[in-house]
Structures are given as C-alpha cells and as structure tokens.
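Each of the next two complexes has chain A plus one other chain: chain B in the first, chain C in the second.
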Partner chain A sequence: MAENVNPVVLPADVAILAAQNEANQAPSQKLPPGEWLKKNLFSTPGNSIVTIIVGAIAAAALFFAARWVIDSDFQIVRTNLRSFMIGQFPRDELWRPWASAYVLLAGIGLTSGALARSSYELSVSQELPAEKESILGLARRFWGIIAVMIFFVSFARTVLPFIGLAGAFALVIVAREVGWRLPASVRRSAAFIGASLVVISTLVLSGTSHLGGLVLGLIAFIWVLREVGRRDLPAGITGIAMRVAPALLAAIVVYVIQRAIPHEGFGWEDWGGLHITLFTTVVGITLGMPFGILLALGRRSDLPVLKTVSVLFIEFVRGVPLISLLLASGLLLPLFLPVDFDRPADLTLAIVVIMFFSAAYIAEIVRGGLQAVPKGQTEAAQASGMSAASVQRLIVLPQALRAVIPAMVGQFIALFKDTSLLSIIGILEFLRVSDTSNAQPEFVGKGLAGVTYLFVALGYWAFAYTLSKESRRLELKLGVGTR
Partner chain B sequence: MINWLLRALAVSLVLIVVYVIARLIYDTYKLFRTRASRDDKAVLWRDVGAIGIAAQLVVLGALAALFSYLWSNFRARTDLIGLDLNFDFLDQPGNISIADNPLTPGDSVGAAITQGFLNTIRVIMIGIPLALLLGTLVGVSRFSSNYLLRKIATGYVEFFRNIPVLVVIVFLWGAVFLNGFPRSQEAWKPLNSWFIFSNNRFAFPSLMGQDNFEAYRLILVVALFVAIAVAVWRTTVFNNTGAPHHRVLWGLGTFAAIAAVAYVLLGGPVTTSKPDLDDRGRVFSGGIRMQMPYAALTFALVIYTATHIAEIVRGSIMAVHKGQEEAANALALSTFQRYRFVILPQAMRVAFPPLISQFLNFTKNSSLAIAIGFTETTSLIQNLFGQSQPAPQLILILALLYLTLSLVLSAFGNIINRRLQIVGR
Partner chain C sequence: MSDNMTINADATQVGGNGNVMIDVTNMDKFFGDFQALTNINMKVGEQEVVVVIGPSGSGKSTLIRCINRLERHDRGSIIVDGVELSDDIKAIQNIRRETGMVFQSFNLFPHLTVLENITLAPRNVRNIPKAEAEATAMELLERVKIPDQAHKFPGQMSGGQQQRVAIARSLAMKPKVILFDEPTSALDPEMIKEVLDTMKDLANEGMTMICVTHEMGFAREVADRVVFMADGEIVEVGTPEHFFTNPQEDRTRLFLSQIL
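== the complex of A and B ==
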C-alpha cells in the first residue's frame, strides 16, 4: 500500500466525489415490488431458504427487543437525564454547561464554515465543480448525532432543554454561515479561532486559571508567529527576533487578560457524564498528538538511543490493556510524585495515562504516514540544502500527516469508546452514570440496568457512527488508498 | 512462572541497556576513525555523525536524570508507607478463591495469579475461534445476493462496531444474562434437561472418562498423529500424480476409524455426563458448567470483535481483483467453491496482519472482565490490591503477563503470516 499513496491536491476531492456519486447512481433502475422481491430475496431455492431462516430469526429478535423496550420503564432515564449529560455538576450553575456548549458549537460552526469556503474557493479557482453544502446535506451527514440528541432531550421533564437544543442547532447553522462569509484574511486563521473558542468554552465551566491562560497564550503565540511569518523579514537572528517578539507579547497579553477576568468555576472533579467523556477524548488526542509524532520520528530514526527508547515505549503501551494502565494511574503514578506533593484528582492522573496511551497509538499511525512519503521527497529536500529538521518539518511531516487524517479520526473514535473504561476506576463518566442511577433507592434492584445501558449505547453509537462515516468521507476526499 | 518471567524481564532490560551503550561507544569510535582518515572533514559541531551522538547523549542523560528523580520520589514514598519492594509476597497465602476452580485460600499469591492467567487463556482460546468464525460469516454475508442477509449483516456491524466493548459486556451481563434468564430454582431445562439455563450457570452435556480413559486418551493422541501422516501422504500423492487428494476426508476418516475401533475394544471408555441440579436449585453437577460472567465476557467479546473481523474480511475480499471472481464464474464454480478455492485464499493474505491485531485486541479486552467480576488476570490482581498486597509489583506482573501473551500471539501470527506469503507467491 505504502508506495501507492499519492498526495492528491485538494480540489481533486470534488472530482472523486462526483465520480463516486455517478457510480453510485448508475445501477438504480426501479423494479416493480414483485420482481424486486424475486431478484433480491427469492432468486434461487437456496436463497429463499436463507431469506426465510434469516428473516425468521431477525423478526424474532426484533419482536423480543421491541417487546422489551415497550415494557421497560424509562423513568430512570427521565430522572437522571441531567446526570447522564453533565454528571454531578452543581445544579444551580446550569447556565455554565449551556453557555460552554454554545461557545463550543459556535467555534465548530465558524471553523467548519470557513474551511468549507476555502475548499470551495480552491475548487472554483481550479475550475472544478463545487457547490456549497446545503443545511439538508449537513443534516444528512450528521443525522446520527442529531437524532440521538433529539431522542435524549425527549426524556426531559421541562421544555427548557428543547429550546436549548433548538437554539444549539440554529447557532451551528448561523455560525457556519458567518464562517462562510468571513473575509479570506480572517478565514485563514479559522483553526486558531476555533481552537481558542474550544478552550474558552472549557474556561466557562472551570473558571479562569493559570492553565487556561497558558493554553490560550500558546494558541496566541503560534497564531501571531504564523501571521508575522507571512511577511518579508530579514534573515538571521533579527528576523527570528522580529517574529518571536510580537508572538511572545501576544501570548503575555492574552495570559494577563485571562488572569484579570475574575471568573470562578468548577474544576473537573465536579464534571461528569457525556461531557467528561467527550472532554477526555479531545484532551487525550490533543496532548497525545505532539508526543506521538515525536515517538514516530524517533522510531524511524537511525540513532540507536532514540530508536530503542521509542520502540520500547510504543510496544510496551500497545502490549498491555488500557485498564491495567488506568489501574496504574491510581495506584502507581502518585508514588512517583515528590513527597510533599498532594495527590492530584483521579481524572488528572487518568488523563496523563490516556495521553501516553494515545501517543503510542498515534505514533504507529504517523509511522505509517511517514513510510507512505516517497523517499524522493526527502532526497530532493536534502539536495536543495535543507537542514534535517526542516526536511521533516516542511516536507515529510505535512505529507505524512495529511495521509493519516482518516486513521487519526479512527483513533479518535477508538479513544472515545475507550474512555468508557474510566467508569471502572470510579470516574463518573457517561457509562458510570447508569450504574449510579441503578443504585438509587427508587431504582435499585428493579433490573433497569438494560434500559440505562441501552440509552448509553445509543449515545456512544451516535458519535462513533457519525465520525466513522466522516472518516470514510475524508478518506475519499483526500484520496488515501486510491491509485 | 511469574518468577521466571520477572527474571527474563530483568535480563532483557540489562541487555537493551548494554546494547545501547555499546552502540554509542562503537559509533563514537567509528566517527573519530573516519574523521582521522579524512582531509575534507567538517568542523566537529557541523559533522552529522557528531551531532547525532551528542543528541543521543543528551537524551540518555535527560532520561537518566528523569528516572533517577522519579525513582528517588518513589523510594521516599514507599519508605513512608512502609512498602517492601521485593517479590516475597508471591509465596504468601493468597486468601483468594475462584468459582469453579480448585484454588484454596491457603494457596500462594503466585498460584492464584497463575490460575487467573489460565482463566484469561480459557476466554481467548474459546473466544478467538468463535469471533473468527462469526466475523468471516458476517463479512462474506455483506457480499450476498440476498438483500435481507446483506442488510442485517451491515446493520449488525455498524451498530456493534460503534459502541464501546465495555458497554456490550455490561449489557450482556447486566441486562441479558442476569435479568433475561430465570433464577436457578426455576431454571430453563430444554431437551429433557440435557441443557440447563439459569441466571447463575449454563450447563451443557459433556463426555466423561471411565477408569481406562488414560489409555484411550493415549490412543487418541496416536490416532491424531497417524491422521496427520495420512493427510501428508495424500498431499504427496496429489503433488506427484495430480489425483484428487481429499486429505481432510482421509485424515478425519483415519482418526474416526481408530477412535471407533479403540472405543469398542476398550469397552466404552467414555460416557456422556448429564448436567444436574438439586431440588433447591443449588448445586450443579455433571456436564460442562459455564460460569455466567465467563459466558457474558466471552460472548460479548465475540460479538464485538466479530464486527471488526467482518470489516477486515470485507476489505480483504474487496482487495481481491475482480477478474478472479469473474474467472471463477466463467469456470462455473459454485458460490461455495468460488469463495473456498478462489477468493478467500487470496483475501486471507491481505486479511492476516490486521486479523492478528484484532486477536491481540481480543486478548487485551478480556481484561474488562474486571467490570463483571469474572476472575481472570486483571480482576484477580485487583482483588489482591484490595488485600493490601503491594501495588507496584502487582502492576509490573500484570503488565508483564499481558506483554508475554501479546508477544507470543504476535510471534505465532508472524510465523503463519510468513508461510501464507511464501505459499502465495
């Protein structure tokens, strides 16, 4: 596979998608129902037997499942809906989760709108067919999440969550439209705006903090560094100083402003439910990414020390189950901290372990991408006199990372599902809420575990299914694996 | 076994450190020798080799500093709570008992861990073949000309692939097995109570050996080897003459014939054993008795892993060139023959490496037994934490056991994979 991966320029995606659609539409001749049945279900005697047996089993399974669902009492979900979403977050501070979700959705909408517009402009400039995706098209892509969200809200006992959800959908659409209409000079910073809004949405919950200031400062630093880097700067140390100085200044200003806002909040010891599941996944992948890229480069290095260390780390983490690492996070990790250091929250320890865990898996994915970059690329870069670091940073990594975006989404889904293991070490995430609900006095011993597990399963399914479809779409779009 | 593994770990760590340092010294020596023999050498701080060695020394130094810092913290903390850092506890009595297991509370911690590890192996020995079978069937079903079969296979894969395996496990355990089956007092006993289903145990009929069973078992082992020899002979005949080999038929026939003759001669060394439970529904006896957590874990892992295997099978079938299928059709092969002799053998070559990684995932996911209380390696070691056995050593042992299992599985996989590739090309 490796040598066949061909880094395709972005507009090509539209052509590929168009060809795909055409191919999909070709065999759709309508048959009358009788002939359709005969062709698809009863073409041969063997086929008929299969149809009858499989149909009978499926009908029986469907019947029992439907009877079970109808007979079940969903009161437990109604009572605990809020816990499923946000865990034990203080109930008189509910504006925070809503505000946080709205800021997050605004960020997602803005960024996706801006990126879609840039891709559209590129296609137009290359005279390729392109069109703006309609709201209906978006709804079709994300129907899983939308349907399950509406389903979840249907358990609410007041009308407020309905209004909140409708507002959220409206906000995404409006933000996407705004993102689409942003001027090109702003649009190219869309990723930074999105990242900042994601961090700010977290700060709405947790309150302003040193950590929040540092993360926002880091984003500002990279953003300004990139913007200044677009201009012509003198070579040598003055040029570097002219780039770094404003970036550093921006970072400090952002940090100071963030610290100056007196906003108290609730740390992640108070978070829970679906929110902590999503949060841990995003943080785990984001923190694991840089570390994973370094490990992948280390594993491909010719230097024996770097290679050995990387291989040992990656193979160790990948060879043991995540649950053993999570057990170690509670029992072993605190023993490595200085004696006068207080024990951090369980979730903090778990996130550290999840970071290492995802780094090892990301490293293997990135290694696959690195192998897919033709050797000629490296050689050409070296021949033009680039330093070893520049070759990796400017030539190899951009191509390698581009090729592994779908696999990265796959890893994101895997980690999203794996965060359910946090329930075993006692963190109140999405799955564990169903256990705590079933331990409540009014529900204990009534055999309602199935109801809550089904509810939880649907929640996981919506996100994982939608993302895996998106990953497949990206794969087509990026032309990974096509020849 | 555990002590032996620990020793192997120590030896390999020492070997790795020695290798790294030896390589560094050798590289430095080589660097200076080449530099001495060259006239056009670069200044030292621009020499790529020198930069590489310097970078490695820096990394090594940083790692050493980090580890010594962590180690000193670790020692300080363990001294504070009075934790011994030796492995003597492995020989102390474990106070652990496992359902349906001869382990007594007086047995040592090491023996208990070994029993837990055997339980892990019991899960994967049954589960992996089942998952492979189900996954292959589902994967092939997705190419069926039957609309219903195709859609059901797709629905199954798309649903179970996208929910966490832990949810599948707890659902099967908490909702289906505990609540879906009757209590053992009113157990469901189909087929004249040859089968017993309750929310406590499943029980199936089994075979039970008589007094001369040992002799019969020996004969069966010999028969197995004879059968393999016959199969090899048929293969040789086929290779030399091209006559139909029917080696599976011949081999199984030989085995069955020897087994049947010996059965008659020894006067029925094996009888069937019927499961039974007393009037109060308490004690099960006879047959194969399956603990519910074991059944829940194994079936849940099979259901979950089979979806991933089905996707691999589907992808690998799609990777087989379309012309192969068309050629098979042109030769008027039946659907079964087409898959058995043309498509699957070629698809297998593509599918095998990702299949190995699914088997490894299965093995690692078996540790989720911890959530439903089936006492395999991980949940046994968690029980030991509860008895204030030393956590750091136990976690090391836990990791070591899974690493060993992963290594052995992937080594086997690699051997088979290499054979597949050579046979193919």
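== the complex of A and C ==
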C-alpha cells in the first residue's frame, strides 16, 4: 500500500534532493595505482588480453592523431579565426561582439549567482548540508568550454583576445559573486534581470529595432505572466495596473537603451560563425519552450479543435526532416505574409522554423512529464475549488517540467548540433565557415578541410559535452533514474 | 427499518443539528456499462459524522467522490448546502470550495512546502492575503500538532504527518463538510492513531464529516450514523450500537464477521 502513496517520486526541490543524494552515496574507496590496475585491468587472463588489445589500438590511434595534428598547418585557422567566431560581422565594429558577450556573461553570472544563493538558502532552511560552490568547482564543471575557448584564442595573432577572454572569465566570477550577495527581494527578479541583459546584449550586437522589439515583447510577456501569478497584489484596477506597470517600464527602459546605441545600418544578416550557432540554438529553444508547453497542453485538452490542431502540428513537424522545413521556409513562409511585406531575412525564417521544430519535440517531452504527474495531484487541487487553469499552472506543470529537465537538455543538445543545417540555406554559421575558408585563394585545393573540421568539431564538442555533463548533474540532483 | 428489504436502505434521516448539508436522491453512477452506484438516497445533517463502510468495490469511494464532482453522477440529484451539482462549472467550484477532501494517498503537492500546500487554495481560490493565509495555516498546524514541520516538504515527513497536513490543508478553506476517503488505509499501523485522533478532535468540534473507512473502532466511537454499502447499494443504515450489536441484514453480518 505504501508504494501507492507517490507513484512517481517528484523532487521536493533540487537542493534538498541534492543534499539527500549526496548523503546516500557511499564514499568511494581509493586504491593505490598498482592495486587499481591489478583489480580493474588485469584481474583475469581474459581481462588482461582485452586490456592489452584495446590499449594497443588506443595507443596507435592516439599516435596517428597526434602525428597528423603536428604535421598539419593551422595557418587557415589563424587567418580565419574571426570568421569562425563571428562570421562576416563588420571588422570595424568589433567592439560590438565583445561588448555584447560581456553583457551576456554578466547576465549569466548574475542570474546563476542569485539562483545558487536561493538554492543555498533553501537548503539551510531545511537544515540540510549546503555549501557555496568554489571557483575551482565551477572551473571543473565548465572545463570543456574553458579549455576549448583558450585553445581557440591561442590562434589569435594579437594579444587583445587573450586579455578579452581573461576579462570574460573574471567578469563571470565577479557577476556571480554580486548575484550571490543581492538582497532576497532583488534575487526574486534574477531571471528577469538576466533576461534583460540578454536583450541588451542582442541589441548592442544588432542595432536593429525589429529584433529588439520581438525579444523585448517576449520578456515583457514573461514578466506579466509572473506578475499575474502573484497573489499579494490587490485585485481590481489597482492590481492590474501594478501588474502591467513593470512590463511597461521594462519596455520603456529597453527602448531608451536601444535608441542610445549607435545604429550603423547593419542587421543580423551580418551575423555568423559560432555566435550565430549559439544564438539560434538559444533563441530557438527559449521561444520554442512556451509554444511547446502550450502544444502539449493542447494535445491533452478536452476541446476537439485544440486537440486536433495540436496533434496535426506536432505529428507533421516531427514527421519531416528539419532540412526540408528549412528549405521550404524560404519558399512557403513568404506566401503567408502580406504582399507588400518585405521578405524576411533568411536568418529570421530559419529561427522561426527552428522554433516550430523544437516546439514540436518539446511538446512531446512535456506530454511525457504531464502524464507522469499522478492523477491524485489534479484531484486534490480540483477538490479545493481551484480552476482548471490554476490546477495546470500551479500543480501539474511545475511537477511535469521538473521531471523532464534531463530530456529537455537532450533536446537542447540535439538542436545545437542541428543548427549546422543552416549552412544549407546559405547562412554563414560555424560549420560553413570551414567551407568558405577552404575556398579562399590561398587555401583552396590544399586539403585543409580536415584541419578546419577538427577545429569546428572541437567547438561543438565543448558546448555539447558541457551541456550533457550539466544535465547529468541535474539528473543526479533530482534523483531521476535512481531509486 | 430494514426487515424485508427489496429496495435500498434509506439513509435520509437527518442527524446532526437537523439542517440538511448534503442531500443525495435516487442517484445512479455508471462506469461505461458497469453500474457502480444504484439508487443512492442519503442525507447528511450539519455537524453530523457519517461513516461509510463496506467491502472493496462496493462504491463507497465513488459515492463521496460524486459529492464533490470528482466523479460525475449519471442520474438523480446531489445537493450540497443548497446548491445542486450540475455541469455548471461555477456551481461545481462553489461546492468544492465548501467541501474539503482527504485522500487515501494524501495527495500533498510534493513541489511545495507544508505551509505552501496549506495556503495555496485559500490564496488562489479565496484571494486571502499571504500573511493572513500563513497565520491561519500555522494555527491549523498547531491544531494537528505539527507546527514545527511548516517549512518541510511532504517527502521529508512520515505518512501520518503527511495525512495530518492534508487534513490541515482541507481545513484551511474553512469547509462546511469534509469528505474522508479511506484516510488511514495507506498508513503504517503506528501512524493510524495520530490521524484518527485528529479526526476525532474535528468531529468533537462539530465538523460535518463523511468518512469512508475500515476503522471499526473509529466508527463505533465517533460516528453518529453508520452506512453499510455493498455492490453499489446502501444495504443498511443505523447507529453504531445498532450496527455492531444487532445488524439486520445477512450481508452486513457477513461483512462484520469477516473483519471483526
């Protein structure tokens, strides 16, 4: 009977489960190297043979790889380093990518520091062991990205990128520290502060108003949703005003900032390289997420129209390859727009497609999470008189989303790699820079594709590996997969 | 009352202070082709404690789940505190607001603390300010004797504690009646008493209650009326003394002989 109580063990909170899981883990035993070898690699004759064969193959592979790397000429990477990072972005506007990256990193540091502090406070209030993560701990978590970034910068021909990178690391650490020390009332808005900095970062880079308006609208929307959820505000007109005012204020502030940034008449057609790869991934998944959640709810809806539309959309998008959607976007999407409407940039279309694509996959992931929430949860909430919308928003969705975080990160990684398909519709993303570099007069026909592909692969690997490691860490914290 | 019974026993004699709180008339309920409840007639008076007993699958839980519309009844009428249950969602929500429910599997919200579990519905449904809702919640936690657990999550508590939180959660809405759906069936034996004691306190304070339970000791001690159900029908109704000393129906006698 007791097992009936919680058919799906849903985490009370990340911090708590983390602490509980750590307490449950047995301390690992350290053996001296000699004994470790004996125990793990040469315990039986069969094991010894396997060890020797696999060891030999690995050593040979490593040897040939090392010789190939040493023999190769990396001049092509040195020449094109900037292109790999930012594509064809105007070279006399280089302050923009740097400033943009700095604002972004400040946002990430601030938000993560504030979130870490909140989680820490929660653990303390629960009388569970809690510890502030050291800089060394952070470095260990993100060593893949850090190492590859240092490797990339080592191809630079001036000292400036080194200083820039060191400054970036320092900035993240300082911002994280500031976020950690923010007063609790400000910490509550950490996500909003972080998101605002992301918008500012984007605006610095683009200078275009359309994009700024789009992202700004989204942020304001999220803010309004959050404020609507607050119960300590009065009802009626005053309450509504108090809920809408912050969004309006945010809109005005960002608008003013945007006007203040000099606009040089270039748009995001000039973006490219690793930057556009990361940008499309993040925008695709953040815009796709709310849409995907709505689709998942729509698919479970009792209203036949909503349900059918959701199912059709999800199954259609999941049933065709991303590449076909990308190719079709250039032809099909403009057909749905007014005739006098300027044809959107390829990148705009691509982002819309990627958003729809990830929404369909996220919808199915979220649906799994929704189904995992026990029926008793809905019943208990309904029995207290809550409206259907409140039940979903306050009871079902929070539990469902928490249960699918690992799957969601998996989708994020998949999308990150899928953005390489943008090269096929002519967008100069990270992978395509490799091809354009090899087409340059001084490098054409020299068989250097291997070198550039290796370089690009390292870039993809750094982010995908770190994401997957972080996802596993989350999984462990949440206790998903254990028990 | 129940000599040669060809129709269902009538549970429409109102107890409590005489005011009718729940009025179920000629109610039928089907799950597909299966008839789960047949011609249920039952009235519950204000401040009355009605205990529903019967074998598994007799429709006890379905009956009380119909009263707050977690299940939709197919025929007959259910009137709670003067409001008739229909497909009108407003009426349903009004009734649910006044009707607390405690489940066998507690159904606390695992992602919220104890305090948040208790204050959620008052704040969301009744728009009570946070501070006031929390003050009420702390009083209720005192009442169920676990005020020190307010900031824990349900997963960190014992089953008995969780069920007492669930009772506090239903009380937070200041309901006129509370439905208990086998509240002690998922508990380890040593925790049953603490939950039953809480329920006894509630009954003594004059709360209107319908309890589906297998705890005969509780029924004997606390119930104003005992309703025995089998195969989706109300078979016999009476005071605890009548029930446990002088049951009239064969099925009642058989059931009691099996469990006592």
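By our rule, the second predicted complex is superposed on the first by the 386 of 483 C-alpha atoms of A that agree within 3 Å, B and C clash if a C-alpha of one lies under 4 Å from a C-alpha of the other, contacts with A are read in each partner's own complex, and residues count from 1 in each chain.
To be clear about the criterion, a residue touches a chain if its C-beta (ideal position, glycine included) is under 8 Å from a C-beta of that chain, and two chains touch if they have at least 3 such contacts.
Since this is a predicted model, take the numbers as computed values, not measurements.
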{"item": "First (chain B), second (chain C), both or neither touched by A:L431", "value": "first"}
{"item": "Partner chain(s) touched by A:Q88 [first = chain B, second = chain C, both, neither]", "value": "neither"}
{"item": "Contacts of A:S468 with chain B and chain C, given as first, second, both or neither", "value": "first"}
{"item": "Chain B versus chain C as contact partner of A:D418, first or second or both or neither", "value": "first"}
{"item": "First, second, both or neither for A:G319, with chain B first and chain C second", "value": "first"}
{"item": "Partner chain in contact with A:V305 - chain B first, chain C second, else both or neither", "value": "first"}
{"item": "Residue contacts with chain A in the superposition, chain B compared against chain C", "value": "B"}
{"item": "Contacting residues of chain B [partner chain A, same complex]", "value": "16, 19-20, 23-24, 27, 48, 52, 55-56, 59-60, 63, 70, 73-74, 76-78, 80, 144-149, 152, 158-159, 161-167, 170-171, 174-176, 178-179, 364-365, 367-368, 370-371, 378, 381-382, 385, 391-392, 395, 398-399, 402-403, 406-407"}
{"item": "Residue ranges of chain C in contact with chain A within the complex", "value": "68, 70, 93-94, 96-97, 99-101, 103-111, 120-121, 123-125, 127, 129-130, 151-156, 159, 162, 166, 169-170, 173, 185-186, 188"}
{"item": "List of chain A residues in touch with chain B within their complex", "value": "40-41, 43, 47, 50-51, 54-55, 58, 302-306, 308-309, 312, 316, 318-324, 327-328, 331-332, 334-339, 388, 413, 417-418, 420-421, 423-424, 431, 447, 449-450, 453-454, 456-457, 460-461, 464-465, 468"}
{"item": "Residue numbers on chain A that touch chain C, as the complex places them", "value": "1-2, 4-6, 9-13, 16, 125-126, 231-232, 235, 374, 376-377, 379-387, 390, 394-395, 398-399, 402"}
